[in-house]
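Same chain, two partners: chain A is paired with chain B first, then with chain C.
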Partner chain A sequence: MSIACEFDYRKPKTLSKAIRLLAKRGRQARVLAGGTDLVGWLRDALVAPDLLVDIKGFDDLKGIGVKNRALVIGALATFSDVLESDLVAEKLPLFREMAGMVASNGVRNRATLVGNICSAVPCCDAGPVLQVYNAVVHVRGPNGKRKIPIGQWFLGPRKTALRPGELATSVAVPFPGKKHAGCFVKLKRYRGEDLAQASVAVLILAGREYRLAFGAVAPIAVRGPRTEALLKGKALSPDLLEEAGRLAVEEVVPITDIRSTKEYRALMVEVMVRRGLKTAASRLAGKGPAYGINVMEEDAP
Partner chain B sequence: MKKINLILNGESRTAAVAPHEVLLDVLREKLGVKSPKVGCERGDCGACTILLDGKPVCSCLILAVEVDGQEITTLEGVGRNGPTPLQQSFIRHNAFQCGFCAPGIVLAATALLEKNPQPSAHEAQEALSGNLCRCTGYEAIIESVVEAGREGGGKKKSRKGQ
Partner chain C sequence: MTAMKFVGQSATRIDELAKVTGAAQFVDDLDFGPNLLYAEVVESPHAHALIKRIDASRAKKVPGVVRVVTGKDFPYTFGLYMQDRFIFARDRVRFVGEQVAAVVARDPVTARRAARLVKVTYEPLPHVLDLKEALGEDALLVHPDLKNYSHCPWFFPVADTNIAHWRKTRKGDVEQGFREADMVFEDTYTVPRYAHCAIEPHVIVGQYDLAGRLTLWSSSQSPYTQRHVFAEALAPLGLKHQDIRVITPFVGGGFGGKAGVSMEIIAAALALAVKGSPVKVRWTREQEFYNTYQRQGVIARIKMGVKKDGAITAIEHTLHWDAGAYVEYGANVVNAVGLSATGPYRVPNVKIDSVCVYTNLPPGGPYRGFGYSEFHFGLESHMNRVAKMIEMDPVEFRRRNAIREGDTLPYGAHMNPCGLVEAIDKAAAEIAWGKKEESTSPHKAIGKGFACFWKAPAMPPNAASAAFLKFNEDGSLNISVSGMEIGQGFLTVMAQIAAEVLTVPPGRIRVETPDTDRNAYEWQTVGSHVTWGCGNAVKAAAEEVRDKMLQVVHRVHGFAKEDLYFEDEHVKCRSKPDFALPFKDFVISGIQTPHGNFLGGPILGSGMFMPEFTSATGDPETSQGGHPNVHYTVGAAGIVLEVDRETGKMRVLKAVLAVDVGQAINPDLVRSQIVGGLVQGLATALYEDIRYSLEGKLLNPNFTDYKIPTALDIPDKIVPIIIEVAQPDGPFGARGVGEHTMIAAAALVANALEDAVGLRIKSLPLTAEKVALELRGIRYDDVKGSTMGLCFMGDPQQYAFFTKNSK
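Entry: the complex of A and B
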């Protein structure tokens, strides 16, 4: 099936030209980066823009670097870039673990992490991991630059705080500044590529501070503040893990769709929280397992 | 219509495309390469896999206008001087049945061996996880890739069939 709607395509040479184009066309314009969501949406007629603004010509939006004690992931950095980055592996390996579970190689070579949160589907894999690190989205628009904390970024399924005319240029992930370890847990219908039925990102910081976020079990990627408060300052005993799992289920509002029932999602969130916490705690203690495993797969440790 | 220039299987080609035309369709209908297959058209099945600047991508999720100035390899550009060691390994293992997924799998595996000349079975599975095969159950496919690597097939520049 081909794309039915017709639109203009522009690939401006400068970022300011892109912003001008986006500002002029408002909601009629769409930003095109990797396009792995957008081309599908165009085909399914979920969107019908007049103009696509291709931003792939901007070298300064490519790449992953460090600035102001944060990992900065440019709008054009693909999931493959994240997966293969030595900087990510060294500083924030949780991103590597997450990136490795996104779709398949052929999609990861094209799909960008920033595009993933701009698409803002409830099951987006980047959302929960950015949430536990309190990441900040950097945006440019006709009125200049602004920064949007990830907690205020997602407004609903496919809705973000980005205003018409604005472009997300990067996402900055502040280094926690103390020892930390995490675990990304993704539940899929089968091994190999699939969208999440549910996902849980866990981050534990030295001093027994716990952060949890969930994907595909609420309209947006959400943190679990009550579960975090329950865990704060405590060592992870078997009883506490049980209690945390049960409380986490109360913090999500899963729905039934083609990938899962809401009941199954809720049941599995409990299991995923327990396994994610245990694995992250083991990593924090230097005992592994290495990043890059999915603790929901049967041969996982 | 916009004119795009690209290097397709080593040859300089041009095409006039409308912005809404998908690369997969343009390759098949305007540029005459039929190996990328129309499968799911949503990036799930991998039948449309091509190499874009050497990397496997789903051509069903790319607009033709986006690839202006880039290099594309399809199965037609692989093994033009006879089957590559990887392709020979696939043949030896009788790895395909209907063959619909084969172009995508050959390209994805070719790219894997370029990057990682001796992949493990797990690495081969991961690299091919976006390429669905409904005939074979994958065992022979994975074994073909691993064996091609073991026998040095992956060390040669096999991408362009040289």
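Entry: the complex of A and C
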């Protein structure tokens, strides 16, 4: 693979040096972590930065831990890290379900979850799951640290609230503090690795609180507040599932592109919401299928 | 025939160790030293435009750039069956991605950067992507000079149109056939373009040495044909066949995409431009999609007449092919279908029009199945629908009409021995045809699909194979042939054939990949013919060797030759039971006589094979009178398909394919062909979905958006069934099988889908999306938007067939 554009490559020793470099070059600089998006874009000349700042050496940004009753996923934690983390499996298995559906093994071994939301393509898999957990992105820049709620993070396709010179250091996922269960549903063109034609993250908390978020059916990963309101406090009856599915479609704005028509996306959002809610509810009741199945492909055993 | 020891056995592949250890070398593995140069091609961004000016001055100034080459440097055409392609576009470009110039530099990045600095000024012209437009009155002509192009004698271009070839086959009287029918049914089916997706992209290194020798190391299925096409194209520069050498190491998949000559011509030309240094041209995955060959798209109308008892009285099959900007190979796909579009059925009245149409899309060409997968989708869909209309079981309907040995083919010759009925019965039994299955899931349904298939190799009447065979001191053998090992197991099968004649086990026989200087001639490794054709040549060479060995023993020992035979690498004698002469004792150094001298010497032999009974001299208006095809391989297949009514997603629970291979030389390799072919065929049915923009640009030249199956996407179970009705002129009765195994796949899915959920879809692919939408009454064509998924833009069901001169 040959990259035709020329750029400087720097791998600074300290995070503050990296921030200074990024601040100095502004929009001409790009952060390199897993590189699974960036290197492809460079090859296809979709981006032409002057500078790549390689952050792979910073131990502070690695790993997955717990801090202040939240799961903290470092900027260098890969999807494989998420998939293999016992902590994730125990505390927030929905992330595990999502991570298992990202690309392929090889890509997951390099691609980072934080990088996924920094790329901020509409079909990013991490977006909807972070949305239902009200995650917070931790950012460092020349003017110090700040926290950006995930609801304010995505500004548009490939656009985030990150300012020039800033670096996303981690994302914190607060534990809901009560019993909960979820389901990540991804519509793909086949069972193999694929970008989402559409995705739905469902989270149900004890006390009949429902949260839904959608990927690839709007410019950014979005929540479904009206559907959540409809469901709130109610038990899931077949009629309610139907109604929720129909309402969810009104909350998204799918488009037609090479991966799907908007008509199919809309139809599938309905199906995905129904299947996602049903699966999450049975998981909450302790009898659902183990995390890791895609209910668009196979039935719960 | 006595029991065979090596033929019919699943011998271990003789290239297995080289492949699994990584010792096998592919072109990109070869080391050409520090003087190797790299080329980057400047491509057309337009589907159709005039080239006004090429300014390479900036590119030439980039340090490391050696040469910039344009069409002016090589103003020559080339082509296998029609000279319509250009080494570099001259004056005009005809598809997005066509090579306009090339930069040769000391490293690939420099070449790439400099190529971006080559400034090409174009005058865009209107383009024609749609078949309807291409065939319309006053259509824009993709090749205004068509009438001046030289081509093979069995092509019939229509001057001043976009019709590059029109194959007409007429047998009996179709109108009479329709009158005799109790029911006549007509409909239109469409199949888009497809890409081969071989795991190894095209790569070739060319070197023109200071003595005027042009050597090419090419990832190819066709070393000799490449040499011939290069020699023809470069003849104005004084190059002759003897000056050109093509070496083909192992190939990472061909599927037809590496047959003939496509991008390889660029390396041949560039080598001449940088005399002395080797130069590498290596395609990216994107280029692999849009500038080699693609499988051609087709719109096909089928009209079929049947009697109530199920007898087919007539078939009228009209096919319009989107062949792309150059048809030097693809027009022969169109030709092959034009001779065979009845499928494997006895049909008294036949009218086939197979029309090859130029468009401003990438060149079409050979792809596993050579047009047969495309027409079988419509035909085998139609067979099910017709059976339903006359209330006959679709398997019984096929059985009733199945072709048998001696039946008259559409072009008048007679059908070879075949076990189609046996294949139908076995495939139907294996999927428990007629037994309805229920899904355990409330939103899923299970259906069964069935389809038959046939295919003949499409070859010039004098396509030949040859083999050399020699012994070594230890009694081991070398076979030298120029068929290509493209994964199918060709090398192993050649060893098994020689082994059967000479009793030397395949493990003691080396068969290497070709080098046109050293290996015996082979036309091409295409058409599923090499086991048959080259196998016959190897068998002949082995027999010649056997005769020479017997002659030596006879001379020394005086035994009658009829009494001599081979057993376990020994010469034995029926009249002298204690005589056993090991091969290794005499095949190089001869046999010592009582006088102390030696008779004999190094044993070697050669063999050749050409199907001397074929001809391409059929009447242009009817195709009657010639014998264009050597034989047809037939078979039948079935699947059990689970369909999710809500999502449209389909899962193949079981796939079965029975094929009459005459004689399986290596049953494991035949079974592998069946598995591989079905997987590839099912991918074209379910996943692969090519998209062009309205400007003719391929939108998904990558595996992100052009999906071929992963290990998760293959059928849960595949059952291969081998039928063996011997081919009299095949080696040990064998006939070809490589391509056939994918031909039925698309119709299988379409038929199973209808059985499961009552939905009949007449256009490929049958994606989950299309199924889900159609199940809700939404026509995919109405909503698919401007990213067209097919080779035409309008509603295919409203497509008007061009029937001028078609009587």
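Keep this in mind: the second predicted complex is superposed on the first by the 296 of 301 C-alpha atoms of A that agree within 3 Å, B and C clash if a C-alpha of one lies under 4 Å from a C-alpha of the other, contacts with A are read in each partner's own complex, and residues count from 1 in each chain.
Just so we're on the same page, a contact is a pair of C-beta atoms (placed from the backbone, for glycine too) under 8 Å apart; a residue touches a chain by one contact, two chains touch by 3 or more.
Treat the numbers as computed from the prediction; the structure is a model and nothing was measured.
Q: So in the superposed three-chain picture, is A:L203 touching just chain B, just chain C, both, or none of them (first/second/both/neither)?
A: Neither chain B nor chain C is touched by A:L203.
Q: With the two complexes superposed on chain A, say which partner A:K56 touches: chain B (first), chain C (second), both, or neither.
A: The answer is first: A:K56 touches chain B but not chain C.
Q: Applying the document's definition of touch, where does A:I258 land relative to chain B and chain C: first, second, both, or neither?
A: After superposition on chain A, A:I258 lies in contact with chain C alone.
Q: Applying the document's definition of touch, where does A:L32 land relative to chain B and chain C: first, second, both, or neither?
A: So A:L32 only meets chain B here.
Q: Should A:M296 be classified as contacting the first partner (chain B), the second (chain C), both, or neither?
A: So A:M296 only meets chain C here.
Q: Which holds for A:L284: it touches chain B only (first), chain C only (second), both, or neither?
A: After superposition on chain A, A:L284 lies in contact with neither partner.
Q: Kindly classify A:N105 by the partners it touches after superposition: chain B alone (first), chain C alone (second), both, or neither?
A: First partner only, chain B.
Q: By the touch definition at the top of the document, which applies to A:L42: first (chain B), second (chain C), both, or neither?
A: A:L42 sits against chain B, while chain C stays out of touch.
Q: Counting only touches as set out at the top, which of chain B and chain C does A:I3 meet: first, second, both, neither?
A: both
Q: Residue by residue on chain A, keep only those touching chain B in one complex and chain C in the other, then list them.
A: 2-4, 191-193.
Q: Could you please specify the touching residues of chain B with respect to chain A in the complex?
A: The contact residues of chain B facing chain A are 2, 18-22, 25, 41-44, 46, 49, 52, 55-58, 60-63, 65-66, 108, 125-127, 129-131.
Q: State the interface residues of chain A toward chain C in the complex, per the touch definition above.
A: 2-4, 187, 189-195, 197, 256-264, 267-268, 271, 296-297, 299
Q: Help me check something: in the complex, which residues belonging to chain C touch chain A?
A: 108-109, 112-113, 116, 440-441, 444, 646-647, 649, 686-687, 691, 699-700, 704-705, 707, 709-713, 767-769, 772-773, 776, 778, 780, 783-785, 787
Q: How about chain A: which of its residues touch chain B in the complex?
A: 1-9, 32, 35-36, 39-40, 42-43, 52, 54, 56, 80, 103-107, 109-110, 191-193
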